[in-house]
Each structure stands twice: as structure tokens, then as C-alpha cells.
Amino acid sequence: MNFGPHLFLAVLEGTVSAFVLAVTALGLSLVFGVMRVVNVAHGVFFMLGAVLAWWSASIVGGQPLLGFGLAMIVAPLVVGAVAVAADWLILRRVNYNPESTIVATIGLLYIIEQMVLILYGPDARPVPAPVYFRVSFPWFGYSGYKLVVIAASAVLLLGTWYGMSKTKLGLYMRATQQDSQMAQAFGVPVRRIYATAFALGAMLAAMAGVLIVPVQQAHYLMGMDPLLLSFIVVIIGGLGSLRGTIIAAFIVGMSDGIISVFFSPTLAKILATLLVAMVLVIRPGGLFGEEEP
Amino acid sequence: MAAVTLLETSALCKRFGGLQAVREVNFSLAQGEIRAIIGPNGAGKTTLVGIISGRIKPSSGTITFKGEDITRLKSCQRVMRGIVYTFQVTSVYATLTCYENVALAAQRRLMTGAKGFLTLGEAAIAERVESALDAVGLAASMERPAGELPYGYQRLLEIAMGLALEPELLIMDEPTQGLAEEEIAEFCALTRKIAGRATVLLIEHNMPVVLQLAHKITVMDRGTVIAEGTPAEIEADAEVQRAYLGT
Amino acid sequence: MRRHGAAKIIVLHLGVIGLLFLAQFFLPAYHQSNAIRIMVLATYAVGYNVLMGYTGLLSLGHAMFFAAGLYGAGLTIYYLDFTPLQGVGFGILSACALSFVFGLLALRARGIAFLIVTMMFAQALFLTTLYFNEITLGDQGFVLSEKLRTMTIGGAVVKFSDPVVKYNFALMVFSACLLLTLVLARSPVGRVLVAIRENEARTRMLGYDTERYKLLSLVISGTISGVSGAAYALLFAYIGSTFATIQYSIFPLLWVLLGGVGTTLGPLVGTALMFYLIDISSDYTSSYLLVVGAVLLVLVLWFPKGILGTLRERWLSWLP
Amino acid sequence: MTKRKNENSEAETNKSGMAITRRAALTGTLAGVGALAGAALIGGGTGPLIKSARAHTGGSADRPIKLGFQVHRTGIGAAYGRWYERTTVAAVKLINSMGGIAGRPIELVIEDDGTDPKRGAEVVEKLATKHNVEFIFGTLFSHVVIGSAPRAGELKIPYFVVSEGYHVASGMLNRYVFQPGITDVRSQITAISSWVLGNLGKNVAMIYPDYAFGYNHRDYFSAAAKAQGGKISVLLPIPPTETSYTKYFARIPSDTEVIYHVMVGPGVLTFVKEMGEHFGSKRPKIFGFLDSLEAVDMASPGLEYLEGTHFWEGMPRYAGGIDTPHERFYRQAVGVNDAGASIQNPKDVSTYSHMFGCWETLFFIKDAVEQSGYQDRSPKDVARLIETSEGFQWLNEGIAHPQGAKKFDGRLHQCFGPQFISKVENAKLRVVHRTSIEDGLYAPEANYTKQSL
């Protein structure tokens, strides 16, 4: 294929992965920003979303659109409930200590992953896309559903932005993010805000999982990559900066796609990884985070 | 001024974004004196001593210490030249014992070259630790975790850590804040004792303490030095009155 | 505290090493081979603990140092006809060099950003082992034959496939690294590292160039991890990119947390416990990771300082 | 040519009892062929053999023979591992109902290795030294095999892998490791290459995972193409962390005639779907290794695009691909229906192209034990078992080897069997070509019999 179309294709692919990544990472960023903890189990929430999408699809049978709709309701609810339970039973009891939270969420990751293995099995299971059409460009064809993924992700991102900036809940969250003690003093129910942030973060991951599963299949180990990438995105974007997170998702998603045009696949991955790491080395606070003192 | 100049700053400036925290400060300290810097909140006192100790990089200007330009030195290098800073908010290592806290300071002077790294005897450290803790009257609390000490003692521990570094210039930021009446008296006695060995630079709000201790007072307001002189001169200075009373 | 209990501490550590030595004479074969593995992997945890436990820097990329030791030893023995000990030496040097260069770059980042940078460099190294698959044979890896693992030392033929040699080599490696960290922990340098962990800014104002100390700590930590990787290559004869995956960066973190962060013997305790936890629970369920997960939760909720950390806090305050 | 030479050298290196062994192998398997009605009948068929073995082992006939089964129950190999386990259990049940191995019932000790080479080595140690099993078998993923094999060699325990990797035959492992139940990947590629190049096209783009399994395809198919006047238009190794493939399709030159794909792991459906979206109807011919689609229903959404494309199969998933009573018997015994899925749950698709290896390996072990007179893990018996196994030359088609007859090369510790090329028609796989054993032979690069025991 010629260079131009090839690059166009890479950009298209980069855009899709950037949008899904943005939704996933936004969830992590929310948790990070508001609670100042690292949630290692974020990837399994993503995976749970995908698995629940399969489950929804298999319940409704041959109607992909219905299954997708059901998944978009069920997955966030179930995963949100799991997250609230985790917050209540574990995180709250370790006082959101950053290190303890990392260990606890690693434990949670193992537990959820193994439960899924027992209940759902080791197979990668496909889920039909709710809408299927192929977009024909002169040089190659492209999945129409992927364009739907872009649109749906954009809606989720806008929704989150609206929620954070225009609602009382968003105000509470931002207040907690700035200074949780001060927020508490002003009557913000910080504990409940923590639980809500944790649940919302998990729900975003779950919805990203639902969105991606018609492209990628549900598998019990699928959470690792989105977890690592989300981590990277959140840090590059700057801790707790939602705008930064979204921009970083594009940098990471795009660089992966575009570098792959010029180098052999694995070398491209190596270079993309190092490039992103160097961003952090040069700007340790992330691109949009506060300068470190 | 007959005395030898220990430290001198020239045209020191620091901007934080749009805020000019320190502007064009020319400041000098004579060896052996006790100097107090006073001024209203936000006058730039902490920023100034921050720049002198190396915690904050100046935007422009130079600092000379014992004739050497130290503007570009890192804070840890300045410590080794004898500029020691004790914190405004006590920041002793709460989980470590008093001994450990002071030992960290005491061993610093001994750790020079590979030899100091590898073969440092604990006895030499212990001796210094004991004398520093003795000097502030904390010898009895040696094995207690610093975090368990009452606040006043933590401040004293902070000073002991400063002493163990064998300072030539000891900078103390608000040392009497939060101390009880009798503790303040002890502190004043201690400071006089220290002044025999080192130059002392104080940032202090407590005027009786300043007037009692300082040989000379520097008054800052809005990032500049507005007056300097003996306690008596400063008390009489009209401009200082204005700055403090806000008239 | 620092000045007391020196005798007790020395007795404890030499006692542990002595017990490990004696164990080879009465342990059944199975537990003996487990002990070899545990000692080698505990060395890895010991290295990790220097950085995490004593300096307070959390890394999720230590697999790169383990892998540097593993590949440094494995490749030179396999391709360049290095003797086993030369290979191990080269492996250790590789890890040392890597940790130094990596430290110069990565220590600019702090806190969570440092964690991510470690993770990403490790990921890049993992992909590199795949990219140069003509040499490394990628994920499939390669094997050091018995012949390559044999050498003569002072006229005696030493086979590193022989269980007795294996056991004692593992013991030597572990003991050396354990004693090194003990000396480090009780030295003035160790004191500074702990101070950095507790409050870096304050430590700088005590005249310490904390950047250099962190670099030193990272290099020691990375090198010990490399020692473990090199020993692993030699004793278990398999070199593959699995060992460079993130999984192998998480392992030492878990072992150290379980045993007790910032305790000299915690890594050994944690590694051994986790090993047997997996081994025994896998007899009852194929979801042994479920058990591991549950143990982690119990740990965090009730023993946040790990086993030795909890012991130290409650009863044995002299534990180093 | 080479084949004949091999046999000669074998006869030279392995004089003791060779002739007897070879004949006995023949009798045993022939007897198996004769008895197809069921387990009881087979037991009768191999009766004489068992009896002689009993006489051999004397009073210890009822002492169970413990076999260690190293399986991927968790980790990335779990989908395969589950079916390996079912096949193994079925084979053990059958063998035990036939009177066991040398009259001793098999006692299976199963250990999960998490598809991890470190744990794999630990599991080998555990099986050998804690459970004291006689042999270990069943390991599948190459990196786990290679990580575990050195320990098996050091512990001097026979280690029978069912991995299809080229690691055994390449000589990188040791004399204790055998792969008698499944053809290695180099042979598979060699076998199918001339059909692919001759029937689909000579200008081939290769897409393979950027790890060892993929390198075998890269190296041996490229070599075959070169030898047969073909051309590799592009090599596309895919990093294992990749989840999206579209961007790589752009690298495929437009004059490419055939896309040769082999992917492992959960990404394969995405791969196929994205291939369909990218190329649409203007596609090159497509040939793939079914490894990608093991345990995946061919009628899965997204796989429609594979209609009309070709696949390598190790053993035809859909009934009728091998139309023999043994195949039907085997299929029934492991609980698989005509579409290659579990009889109990038709949505649970098997790994039919590989799992037969477990079955055949167990029968190989049975033959090796019985013919060597092996009794326990004493060095002498183990040596006899290994030398006897190395003497095997043919594994005849039958209940014991339902996938087809196999040539066994004692120097390589590797068997060579037929391969199948199937076409996807109506979301089913129909066999269009069956290779001969000779198609898959290559110049050997190793000789384990020269290693000391």
C-alpha cells in the first residue's frame, strides 16, 4: 500500500484505540485524582465489562443490538457494585494508604480473574457487533463498528466531562481532589465521594470493555494491557488531570499507530514505549500535572 | 563594620510566576553575630533563607559565603560548607529514634570519600550524637521515637540535628513557634550558647525574643529589606512601624 | 537502638544461614530442590527490598534487572563459551550497568511516575528480547546444556546440574547478598537510605546528595536482582523472555510485602511462604491464584507490615 | 534416501534387543488395529502382550503406575489444557480398562503449571520428587517445555511432551525428552508447503506471532518457498502485546497471492475479522494454521470471512475427515461430537488438532514400558525404557494412534505423522488434502542417542 493511505489507516486505527483508551484511562484518572490511590484492579473491571457483554449477548440470542444495549446497562451496574463492595470492604479499611491499596487491588485482581476463569472459562469468546457495516475506502476497507466505537467513546467522555464540571457531584469530586480535609470541613461527604469515584472509575472501564468486545473478544486475561496503557496515560497526562488524560490517550494511541508505519511491529512497540517513558523522564510531573516542588 | 563578612547576597531576586517574592536583596552577615529577620507575613523572609540554604533557586543575583560564590551549589553542598537550615514546621523523622535522627546529621561530616562510606565507626558518631543531644537537653530521650516527643522537644531535636552538622551558619525558621513560656527561655539560653560557635540567622515573629537575642535585625516587607540595625534602632524606626501597623 | 543488639542480630543471620546449610542434609529431595529455588528467588527479593524497603522507591520494573542477569549469564555461556562463573559475572555486570544507566534517566521521575517509568523500561526490555529473537530465541528461550554448566575449579570438576553443587551455590549467593544488605542496613549509608524513605527533602537539608544515594540504592538493588537472575540461568538452565514480563516484576514486590518491607530476612520469609502457599494450595485447587489473592487481602487488612514487620512492631524491636 | 541411512545407523548404535523390540511394537499395534469394537475387545487383542509383561513384572502387577500429567489449567494455555486433560483422562480410562500398563493400573497425578516456564520446572520437580511418578507427560506450550525439560533431564525422569514445537527434534533438549504423540511444527510446515505453493499461489505474505512458534513458520516455510520457486512478499511478526491488526495489513503488497497466517492466543478472532474488513472481497488466497482457531467455533460471528479459505489441521475436527473406525472410536471416547465439540455442551469446541497427541503419547508410553520390561525409576530401567523407545520406528494406525500411522525417529525423539489441509465450507472444515509422512520429513539436525544417560 502507498504511504499516504497507509498513514491514513494508521491514524484511523490510532484514533480508535485512543478513544477507547481515553475512556478506560479516564476511569483510572478519576480514582487517582480523587482518592490518590492506584487501582491495579482497573484492568479486570475492563475485562468484567467485556465478559458481561458476552453474557448479555448470549442471553438475548440473535439480537446483537439488544445484547449490546443490555450490556451497556448491566456491565456498569454490576462492575460498579463490585467496586463499591471493594471500597467498602477493603480500601476504606486500609484508609486508602497508597501502598496498601496497590497490594489490595493486586489481590482483588487475582481473585476476580480466577473467579472469571472458573465461571466463564479460559476461552476467548466473540460478541457480535450491535451494528455491522464495512466502510470501503479506495485503498482498503474498514470496520464500521469501529467508527461507532469512536462515537460512543466520545459520548462517554463528554458525559464524564459534563458530570465533573456541571453537576454537584462533580463539584464535590473536584473539591475532594483539591483537598479532601478541606472538602470534609465544608460538608462534602468525602467517604461517599470516594466510593462513588471508585465505582464511576470502574464503570467507565466496564463500558470501555463493552465497547471493545465486538472488536476484541472477551477473555479472562484481557485486562492487563488496558491496565498498563491506562497507567501510562494517566501519568503522562498528569495526576488527576482529566484534560491531560485525554490528550495523553491520544499521544499514546496515535504514537503506537503511526510509529508502526515506519518500523517493524515489535521495534515500533519498543520505540513507542521508550518514547512515552522519556516524556516522563523529561517531565516527571506529566505533561499537564503540577510541577513537582 | 569591623567584623569579617560571612555571607553576602547581591541583587537577589525570586519570582514565582507573577509574584516577586524577593527583589534585589543585598544582605550581609558578619561572622559570630545573631541576626534576626522580621517582617509581616509574605514579606519574603522564608524565601530569602530558602535561597540562602539552597532549597530555592534564585531567579537572579548571587550569594557569597566566606568569599566563595555558592549561588550554583546544591543545598547539600552548602550544608557541607557550613550552612545549616532548621525547618519552620518540625520535620524530624518521626518513626526513627532521637539517636537516629541526630546520628544522620552527625555522620554527615564524617562521611567523606570512600573510606568514610565503608569504615565509619559507630563510636565516633555516637560521641557527636550524645554531645548534640546533651546540648539541647534531650540526652534522656535518646532511644525514643522522635514522633512520640512533645512538640517543644521536637523543635529542640531539630536544633540538635542542626548542631550535629557543625554549622558555621545556623538558620532557624520560626524556632519558638508553638513553644511554651519556659521553653522559650531555654531556647534563648541555648541560642546564646550556640552563638559562641556559629553565626545564627533567625526568622522570628516573637518580638521579645528578637529584641533579647539579636545583635542586629533585618526588616523585610514585600520582598525587599526596608531597614536594618540594632534592636534599639529598629524599635525607633518609623518605616518599620508603618510596615507592621500597615499605615 | 542502632547500637544495641549487634550480637543478637549477627547470631540470628548466621544462624539462618547455618540452618539453611544444615537443611540440605535432612530435607527430602523435593523440599531440597524447592529450597534451592527459594534461595535464588529470595535473593531477587533481597535486591528488591533494598530499593523498596530501605529507600522507599516502588518499582514495577525489576524484571529488567533479573532478566539482565539471566540473559547476561545465559547468552555469554551459550554463545561465547564463557565458563559458568564468568557468565554469572558478566550477568551481574550487565545488571549493574543497566541499573546505573536506567537510574540516571529514571530517577528524575518521582513517586508514581517513577513506578510507571520502571514499568515501561522493563516492558521495552521484554520486547527487545523478542525483537532479537535470532539470538535470544524470544519467548521460547533456550537451554544451557549440562556440558555448558560444567567447569573445573582448582582441578575439581564442578557440575552446576548436580543438586549438591546447586544447593550450595544458591546458598552462597543468597548468604552473600543477605549479609551485604545487613551490613548496608546497619551502615551509615543504610541510615541515609532510610532517611530518604522517611523524608527526602529533609535529608537533602542534612547535606546528603539524595539523588546519588538513590542511584546507589538502585544500582545495588538492580545488581542483586541481576545476581539472582544469573544464578537462576545457571542453576535452572533455562533462559526465556517470560522472565522479563511484568509478572516477574510483581513477584518480588509480593514476596517482600509478605515477608516484611524493610526487614533483612523478610524477603526470604516472604519468598518461601509464597512458594509453599502456591505449591500447597495447587494440590487442592487449580485456582491457586485465588488463594494468593485472598492472602494478599488478609495481609493488607491485618498485617500491613508483613510477617517480620509485624513481629518487629509487636515483639522483636531489634530486628534489622 | 536419508531415511534408509538413518535406520542403518540406528541399528548400529542400538544393537541390544532392537530386533525384538521392533517386532513386538508391530504385533502390539497390529493387534490393536484388529480390535475395534471397544475397550474389552482391545484388551483381548493385546492380551498376549500384557501377559508377557505381567510375567516380566512378577508380583508387582497390581502396584499402580503413577504418571505425572503437567497441564496448563490456568494461564494463556488454559483453553488447550482443559481438552488435553479430558483426552488424557479418557485415554487413561481406556488403558486401565484394558488392564493398565504392563498389568499395572495407571494412577494419574495432575499438576497445573499455569502455562509458565518457571512453574513448569517446579511442577516437574514436584511430580518427580514429591509424588514420585514414573514419567511426566503432556506439556504443551513451547516455552514451558523448554523451561521444564532441563529439570527432567537432571532428575533423569522420562518426559513426554505434546507440544508440536521443534524444540525436541532440534536437539536443544536432552535425552529424557520425547515427543512421540504429535508431529513437530517444522515437519508440519514442510509437509503442507508444496500443496500451498502449488495450489494457492507462489507469492506469499506471512503473518505470525513474534515468538518462537512464529519463527518456525517464518524459517521453514520461507525455506520451502525458496526451494520451490515461491517468494515471500513480506514477513509480519506481530508483537504478543498487540490487540489490533489492521495497521499491519497495510504492509501487505498488492500483488500478494497468498496470506499465510498463524496466530495463537485470544487475538485470533479480531485478526480474522479485521482481515475481512480490510481486504473485503478483493482478497488474496488465505491459508492458516488452525492453532489459531482451536477451541473456537467456526460459526462464531466474525469468522464468516474465512469461508473458502484453507487451513492446516493436525487432526480433522469434523467427523469424516479421517474415515476410520479408530477415529470414530477415539472421538466417542474423548466425548466429542461430529462437529468437534463436546457431546455434553456443543458450544464447547475442542482442540481437536492437537489433543490426540496426549492419547497417542499414553499409548506410546504403554508400549515402551511393556516392551522394555520397565519396572521402576531405577537408572537401569529408565535407560532400558529410553533405549527401547529410541528403537521404535513405526507407530501403526489404530485405536492407539487414531490420527494415522507415524514414523518415529529415535535419534530425534520425534514422531512424524500425516497432516491435513481443509477448506472452510459452510462454516465447517472439509479435508481436501492429506499429506504423506514422507512430505514432512527433513534432514535431521540432532541425535539424542549419542548423549549419555
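The first chain written gets the first letter, and so on, giving A, B, C and D; residue counts start at 1 in each chain.
What we mean here is this: a contact is a pair of C-beta atoms (placed from the backbone, for glycine too) under 8 Å apart; a residue touches a chain by one contact, two chains touch by 3 or more.
Just so it is clear, the structure is predicted and the values come from calculations on it, not from any experiment.
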Chains touching both chain B and chain C: none
Chain whose mean Cα position lies farthest from chain D: B
Centre-most chain, if every chain is reduced to its averaged C-alpha atoms: C
Euclidean distance of C-alpha centroids - chain A vs chain C, Å: 32
Interchain centroid distance [CA atoms averaged], chain A/chain B, Å: 49
Chain centre separation in whole Å, for chain D relative to chain B (CA means): 77
Centre-to-centre distance between chain D and chain C (centres being mean Cα positions), rounded to whole Å: 37
Multi-partner residues of chain A (each touching 2 or more other chains): 114, 117, 266, 269
Of all residues in chain D, the ones touching two or more other chains: 74, 210, 239, 241
Residues of chain C touching at least two other chains: 127, 130-131, 287, 289
Chains grouped in pairs wherever the two touch, ordered by label: A-C, A-D, B-C, C-D
Footprint of chain A on chain C - complex, ascending: 58, 105-106, 108-110, 112-117, 119-121, 123-124, 127-128, 130-131, 246, 250, 254, 257, 287, 289-290, 292-297, 299-301, 304
Footprint of chain A on chain D - complex, ascending: 74-76, 78-79, 81-82, 210, 236-239, 241-244, 246-252, 254, 265-270, 273-274, 276-280, 295-296, 300-303
Touching residues (chain side chain B, partner chain C) in the complex: 53, 55, 74-77, 79-80, 84-85, 87, 91-97, 99-100, 103-105, 107-108, 110-111, 116-118, 120, 122, 125-126, 143, 161, 165
Of all residues in chain A, those that touch chain D in their complex: 1, 5-6, 9-10, 12-13, 16-17, 64, 114, 117, 121-124, 126-129, 134, 136, 140-143, 215-217, 219, 221-222, 225, 257, 260-261, 264-266, 269
Interfacial residue positions of chain C with respect to chain B in the complex: 1-3, 187-189, 191-192, 194-195, 198-199, 201-210
